[in-house]
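Per-chain numbering from 1; labels A, B, C and D assigned in written order.
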Amino acid sequence: MGYSLDDMLAKFRPMTAAGRVAGYIPELSKANPDNLGVAICHHDGRAETCGEAGFKFTMQSVSKPFALALALMDNGPESVFSRIGMEPTGDSFNSLMKLETFSSLKPVNPLVNAGAIATTALIKGHSPAVKYERLLRFIQDLAPGCHVGFNEQVYKSECLTGDRNRAIAYFLRDIKAIDGEAEECLDLYFRQCSIEVDCVTLAHLGRSLASMGVGRCSIPPAYARIIRTFMFTCGMYDASGEFAIKVGIPAKSGVSGAIMGVVPNRLGIGVYGPALDPKGNSVAGVALLQELSQLDAWPVL
Amino acid sequence: MGYSLDDMLAKFRPMTAAGRVAGYIPELSKANPDNLGVAICHHDGRAETCGEAGFKFTMQSVSKPFALALALMDNGPESVFSRIGMEPTGDSFNSLMKLETFSSLKPVNPLVNAGAIATTALIKGHSPAVKYERLLRFIQDLAPGCHVGFNEQVYKSECLTGDRNRAIAYFLRDIKAIDGEAEECLDLYFRQCSIEVDCVTLAHLGRSLASMGVGRCSIPPAYARIIRTFMFTCGMYDASGEFAIKVGIPAKSGVSGAIMGVVPNRLGIGVYGPALDPKGNSVAGVALLQELSQLDAWPVL
Amino acid sequence: MGYSLDDMLAKFRPMTAAGRVAGYIPELSKANPDNLGVAICHHDGRAETCGEAGFKFTMQSVSKPFALALALMDNGPESVFSRIGMEPTGDSFNSLMKLETFSSLKPVNPLVNAGAIATTALIKGHSPAVKYERLLRFIQDLAPGCHVGFNEQVYKSECLTGDRNRAIAYFLRDIKAIDGEAEECLDLYFRQCSIEVDCVTLAHLGRSLASMGVGRCSIPPAYARIIRTFMFTCGMYDASGEFAIKVGIPAKSGVSGAIMGVVPNRLGIGVYGPALDPKGNSVAGVALLQELSQLDAWPVL
Amino acid sequence: MGYSLDDMLAKFRPMTAAGRVAGYIPELSKANPDNLGVAICHHDGRAETCGEAGFKFTMQSVSKPFALALALMDNGPESVFSRIGMEPTGDSFNSLMKLETFSSLKPVNPLVNAGAIATTALIKGHSPAVKYERLLRFIQDLAPGCHVGFNEQVYKSECLTGDRNRAIAYFLRDIKAIDGEAEECLDLYFRQCSIEVDCVTLAHLGRSLASMGVGRCSIPPAYARIIRTFMFTCGMYDASGEFAIKVGIPAKSGVSGAIMGVVPNRLGIGVYGPALDPKGNSVAGVALLQELSQLDAWPVL
């Protein structure tokens, strides 16, 4: 490895000053914008960490790939993709426009909010509580020994302020893109966003998507490839294309400042930096990943 | 008057076969598509009726002008139009697109669903029940002695199937276009849509907007002109422009098959014909109004 | 009449400071933003003028109602409206969006640029020169004795800088909304925009649309009513709805600072004030018309 | 290799019956829908062919990656991406909507028509003829010894019927996304679309993008990676996301029925099958690539 994580962190931490902590949920706005942490989990399970790698934060949109994994394992790809599209979109992550102009009457892909809510609705279980338990356990099993908790305050914040997501969920009901109750589906969605992890957990979760089959309930390789592909084309909000050009690996970001990256067959990476750029991605995290990608020859495309 | 309402009705009733009864609410789909009724209320209070003029139906979108009247009387135009725009739109009545692309972050006008829900949210009252009572009483007072009831079945249907309107209401909350609880606001909106009238009531209500000041709580002439103007530019869904060209009077339609027309300073008119054209307007009702407008020289523009 | 034009002009001229002269064509940007002129032509032909009423300017979009009149007289309404829609739109005047999302594949109405170009394409003539001659003569005949010229510099400016209009014209060709050569059609469109008038001409032209049948080739009353209706619903760009509420008369504005108003059966009005508001309408002109409308009881709706 | 190209072709040729030859250009509509050809060029230069692999066709959109390569080599990535975005889009390839709603006033990516025209405008040369010569020579040098010609009839067809592309080019001029004359830029764009190749040429061109540096003017590896990434996220029109999931390699299609694929560090592939699916991709070609990808383990993501 031709780099030192410590040096990298020292180089990119000043960039956090250029970003802003997410303000749309009161709980998230309390984060310290200076924080920057990184963890790498190699194919052999060996982990490196640096900076605030043990700092806890909520998964937010980083939970979407795992809800998709469980939905695929519960229903199979054919059923999932009869309800949710596969196309990237240059629109904002919380846009409803494509729902209205798209002739196919389904959300464009599983990583924008509309598609993610429709994906979550496909997770099986006799009750909302069972569904959430299954998803939480699934994520815990993919990162054994790592911190996977639940942030009650963030969850309550999401419930109170999630009007745009409510609008999306009811729109999805209207076009019959989801079957169940909108509020039940939203509750599960807000819960999955509020699952709490740290960089080490994220790195292990990223490794679980790198197709090296670890953990009790590892994700089938064919599904892991589907998920990596969505992360590559749509994982970084409406900066996904730019990230694919500049960094060149499958990744998923969340408004908490989390980024989970996957280098296929090699490693998983977790970054935490709550100071965000205008598109909602960790400003220092993206820069750090760009440099790591070049130094360590990550892009496989 | 150079026409006979009986002859007109006989001429246009066969056109009902070209339309379809609204199917999106179970209760509405039970209407008899052959029905066609008309009532005219002249400036002196004299009324003419013909066909199924006494048949009862729910106001649906025809309630919007009266919610606007009450909101104007409660808040004044400046306050109302700081929250709701004045522009017509060629988009569908239940579109959310303008909410997302419009820079001003307010619904385009008070007669599309988004604007109508935001308008209803401005009606004053200490509780939802009080607000509804005020609106119902207001409408009753504008049409004294006429049937103004409430259709519980339709109301329940609206509540159960109103997912698109819920999506709109939560979107409005998200962009801060409404202040209160979305569900409370929707409940009042669904109630106002379920107010039950007949053609005679509609004709009297139309006359109340013709600026001849009748009833205990008549609408101030300046507000009546505002409402007539919105009816002229946006009253007939996305066929408003065509209706303005072909018929040339302020009018408002509802998916129950209702049309309320206003000939300023002369008369109000109520039409009921539940067989709708693809844009949601009574197919025979529009044709009948077009002929009446020509025969009786209605257009003043 | 309860007002003095001189007093009105003195009152509203300071508002010109709040506007900006159109910058998109070099020739237009040379206008003096302080200018404000008004002319009224009453039903009996009597004219009043005030301020820079004799100042010459190009018609720009004020030419659209007359291209529509000639297209209607050449083809009849059925043919015209098989190619061009009747619906107002909240989109910007030079938007292509509705062309792409509208299922009907025709421009939404004859007063947005897309519809106006398609309207101009319907004017008959063996050659582009003949078509232009017919339109110019038509306008001259509607305002006999008034200044109706041609501004060569503005025309050349339009040709050089009309890329958005070229985009629209080629889009119209692509969806088969116009038949002829795009460049020929654009040339006629740029020429009609460059016809030069003054406030007095505009007032006479407005009177010609008030359905009082003057001039050698007066507009048939049924067509004049169609045109007044479009002016009412779509004449003031994406402030048409607000103008209808606040002023309440059919009117058409142009980026030169021109506004032509029509009070049906009573009078025509011409205003010139090149300082524009952000939507492209004369800022002092609109305010002046709003006050005149109230003082002289113009709204008939 | 666990497959026989002959068997594959026999298996997938019947699928051509499910597609339709492109009709929008007269010349293209003359293609034989039954045709299906494939060529693979391995990293060592060894080529396999099968079916109508020697049949000639025009590159159409398959030319876009090479115009991008030359624009990158002429201007550097920073300059190119100051004018053209990097984001995929779920909109149709010839959509103008993003141009109007995108705040950044640049085309979303170099592979939709708007971005491709803006890319072509960045190719350097003292005259249009020189620019075209440079692009043609560039492509010839990337596939030495292969057929690289020019189809005059298709070029003339493109010029005559390219109204949508003209609309795009003038829109780009209007938002200052291109500097030169729209017609000159379009002429070069129509020429590049009319360059004639066969499957063997495409396979060699694909290999030139696989970063194995062959040919006199090979594409710098960093630029080849950029191009492969765009092909992966946006290469197959608005089915790019689905293709990435199902086939998993960078590819670019054209309405002539061409598909060029790249397996990084391994091979290039050329497919010709003029029977297209509704999104404009070769129906049998896509199916054949999906099976080849699975059998030969192509996906690297």
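One rule holds for everything that comes next: a contact is a pair of C-beta atoms (placed from the backbone, for glycine too) under 8 Å apart; a residue touches a chain by one contact, two chains touch by 3 or more.
Given the structure is predicted, the values throughout are model-derived calculations rather than measurements.
Distance from subunit D peaks, on a Cα-centroid basis, for B. Inter-chain centre distance (subunit B to subunit C, centres taken as mean C-alpha positions): 32 Å. One inter-chain figure worth recording: subunit B and subunit D are separated by 53 Å, centre to centre, where each centre is the mean of the chain's CA atoms. With centres taken as mean Cα positions, subunit D sits 46 Å from subunit C.
Contacts with at least two other chains are made by residues 101 of subunit C.
Going by the touch rule set out above, the chain pairs that meet are A-B, A-D, B-C, C-D. Against subunit C, the residues of subunit D that register as touching in their complex are 95-97, 100-101, 163-164, 166-171, 173-174, 182. By the touch rule above, subunit B contacts subunit C in their complex via residues 85-91, 98, 102, 108-109, 225-226, 228-230, 232-234, 238-242, 244-245, 248, 250, 264, 299-301.
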